[in-house]
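When the chains are written out, they are named A, B and C in that same order, and each has its own residue count from 1.
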Amino acid sequence: MITRRDLLKKFVKTATGVMIPLAAFEIIDPKKLFADKPFKTDEAKVRWVFLVDTYKCVGCGLCVKACKTENEIPYDANVTRTWVERYVVTKNGNIYADTPKGARDGFTTNRIDLGMGKKQDIKKEDIKKAFFVPKLCNQCDNPSCVQVCPVGATYQAPDGVVLVDRKWCIGCGYCIMACPYGVRFFHPKYHVAEKCNFCYHRINKGMKTACVGACPFGARMIGNIKDPGDPVTKILMTERVGVLKEEYGTKPQVYYIGLDKEVR
Amino acid sequence: MLEMVHGEAWTIKELFTYPNEYIYWSAQIVMYPFMTGLVAGAFVLSSLYHVFGIKELKEIARFALVFSFALLFVAPMPIVLHLQHPLRGINVFMTPHFTSAIAAFGIVFSTYGAIVASELWFMYRKHFVEVSLPLKKKTDKSFAEWVKYLVFGALTLGVYDTSEESLKRDGKAIKILAAVGIPVACFLHGYAGFIFGSVKANALWMTPLMPVIFIMSAIVSGIALCIITYLVTVEIKKFMISRKKASIAGFQTKEEISNVEFNVIKMTSKYLIFFMVFAISLELLDLIFRGYTAVKSWDVLRSVIYGKDFSSIFILQYGIGNLIPFMLFIMPGLTIRRIVIGAILVLFGVFMMRWNVVIGGQAFSLTFAGYMHYHLPIVPNNIETFKEGMGGVLAILAMPFVLFWMFIKIFPVFDYKESH
Amino acid sequence: MKSHVFRPLLVVIGLVVIVLIARFFYVPSDFGSHEKGYMYGWHRKGNEDEWKAFKVKYQFNNEYCKDCHSDKYETLARSPHAVINCENCHGPAMEHPSDPAKLKIDKSREQCLRCHYPLPYPTSGRANIRGVDPEKHNPGVECSMCHNPHKPNLRGMK
């Protein structure tokens, strides 16, 4: 028969037995949890942000070409860290958009790629407005891709850039699913999650990202929003800019001048 | 050589999609919630007897528990086949990031496994002792006997007490574990639903109803599978009796088996209908709500639900998978054959529901202006199209039965004389 | 333990201990919640440096080319193509000074058509760039046969 005393003793024993190894986990530090939003005490001196001027973009795709080469993304693979989208709105209200091969070779036809081998011819006189929109990782303040990583293989660096640890990623694809912007993919060679990281190796050496360097028209700019003298910061503080898919609450950090409501 | 991107082999893109979008979560991610659902369902079925004392379910309860245990080992297999780096899967236990629903998998799944294993231990402890004790005393053991002795000796965990009092305590422990197991089983599967329901980037998946829908359909599928497997094993038993012309495991005649069989199955199918009605109600609520509120994503969702995926949702899932079995079960003059057909269709329906959630959720682009079509690789041309194609799916489907066949060598599932 | 009821619990505790020991050896010491907290900063700190050490390929600074190719530099600087970086056509040149043979110049028609295929898109800079119809304008011939990319105006015609 177990007496109540025995039972209590056993309970205490087991409870401590369970608690001690759990303490060894050292996973959740309440202080650090509190340090998270919304009371984040952000002491970092650098917070990288990006600015895109869609008026200036001509859709040449030199940024995509440079990015793929710089970041060793297999050139012919149908994935890319950055890409350029084309939007054409016709007078009868139709909206066409495409990004063939991510615009790696630019847009050298006026026919819109509809996928599955189909193309759409649009006459010059039918066009009401048309423009190009470069896309890249938004390095969100609240990155949903990082939140869902089960192993801590993707994370936000102190300067706000979201990186992927190629040695720790298990390749589950949850981050790819969680990104509302579709910037992530599996690297064809390393088979881990891959994404734009603002050319982390370049910006940390005082250089511009490859896409910024390659753009002849100044449509792309990178800057440090913590530095009031930074040209990007100045524009963000004085001009009207927009961000993509604000409704997801990810707080994207790629800003756009001349964003249209049709941009997806 | 052109380097294929993961997912490119089975994805066809239409209209405006982002360049990196592919169907990254394919057939194995359909299998994953399907198998987890079967685990949870089989366990809940067994608990209905152990906790709520529904006597009619006594015979199927023990069976369901062992089957749940077999399924338990298969449930993580689809994930392993899906991972790009399967060996690194261990990282989920090593550096869990609990803000991710997948990280909870390690903890919830292990807890659940421990509960089922413990419950089985209490249930069959006496049997382990009965097998190992005579072998322990036997001096000239053959090699096979040595192996058997070592296995069963280890399974006793060093406890050889089979007194009336200790067995009573076993019974109590089973009841407690079965009771604790129900919320854990629901959590196990509810969180599988949470994995999808919490993806805010996916317009089809994101709904708080997802975990509840997943639990309900899980129980439905678990019960259906138990009905089918139970009947098949009983048929095998009957066949063996008629061939050997001898009584096996406490049954005197074939007729006796048939009587027990029919009562058990009839009762079980009632529970199946109950949970099925609940599951469908929730799914319809979700659909109606989406249509009524018609937020930004509704245009593209509608074109998928009522257009591109119409036949797999309304004909295969709701028609063949729900409506027909419902009719089969409620029409008067229920027969075993009708129950079996109904249960098979129910299983198919739940599978299609998983399919329509996982694949359907990736059938439209994040742009809401394009579509992606999935083509299940049938004939594999590399390891990837095998793992995440028909071959991998069939391997996963076959595995629980192989494991179950191995487990019944350890757990005497069909020994009806046992109590509990 | 006096009662056998707790035997399975002992097994479970044993397994947890094994996992914790394995964790001790397996997880790198710099793994933890860093600056961004557990939600966004749970990672292996050393990975940040691994990314910083990634190889740079493009210089993207025409001053870099000036010392050796001052003639080309001067010509280009005075042309409408001054906005284009040398490396956009000549390829990544980070290692070019030490390994001059490595550069592969992109002289394809497609390279020029990136900008000069006429797309009359209002509200986009593209509308302001002069274009040619590649199917009618000397098809099959490299543009640089007639045009000097460093001095693209008509006076620079070869």
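Simple rule for what comes next: a contact is a pair of C-beta atoms (placed from the backbone, for glycine too) under 8 Å apart; a residue touches a chain by one contact, two chains touch by 3 or more.
It should be emphasised that the depicted structure is a prediction, and the values quoted were computed from it without experimental measurement.
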| item | value |
| --- | --- |
| Maximum centroid distance from chain C, chain identifier (CA atoms) | B |
| Pair joined by more contacting C-beta pairs (B-C or A-B) | A-B |
| Distance from the mean Cα position of chain C to that of chain A, given in whole angstrom | 15 |
| Centroid distance [mean C-alpha coordinates] between chain C and chain B, Å | 46 |
| Centroid distance [mean C-alpha coordinates] between chain B and chain A, Å | 36 |
| Per-residue overlap in chain C, given as positions that touch at least 2 other chains | 3, 9, 31, 38-39, 42 |
| Set of chain B residues in contact with two or more other chains | 94-95, 97, 99 |
| Chain A, residues touching no fewer than two other chains | 27-28, 147, 152-153, 168 |
| Chain A-facing residues of chain C, complex | 1-3, 6, 9, 13, 16-17, 20, 24, 31-44, 47-48, 50-58, 60-61, 83-85, 87-88, 91-92, 110, 113-115, 117, 119-126, 129, 134 |
| Touch list for chain B against partner chain C, complex | 90, 93-95, 97, 99, 110, 114, 117-118, 121-122, 125, 157-159, 161, 166, 169-170, 173 |
| Touching residues (chain side chain B, partner chain A) in the complex | 2-8, 12-22, 24-25, 79, 82-86, 88-89, 91-92, 94-103, 105, 195, 198-202, 296, 365-370 |
| Complex contact set, residues of chain C against chain B | 3-5, 7-12, 15, 19, 22-23, 26-27, 31, 38-39, 42 |
| Residues of chain A that touch chain B when the two form their complex | 27-28, 74, 76-80, 83, 95-99, 101-102, 114-116, 135, 144, 147-153, 168-174, 176-186, 188-189, 191-192, 247-249, 264 |
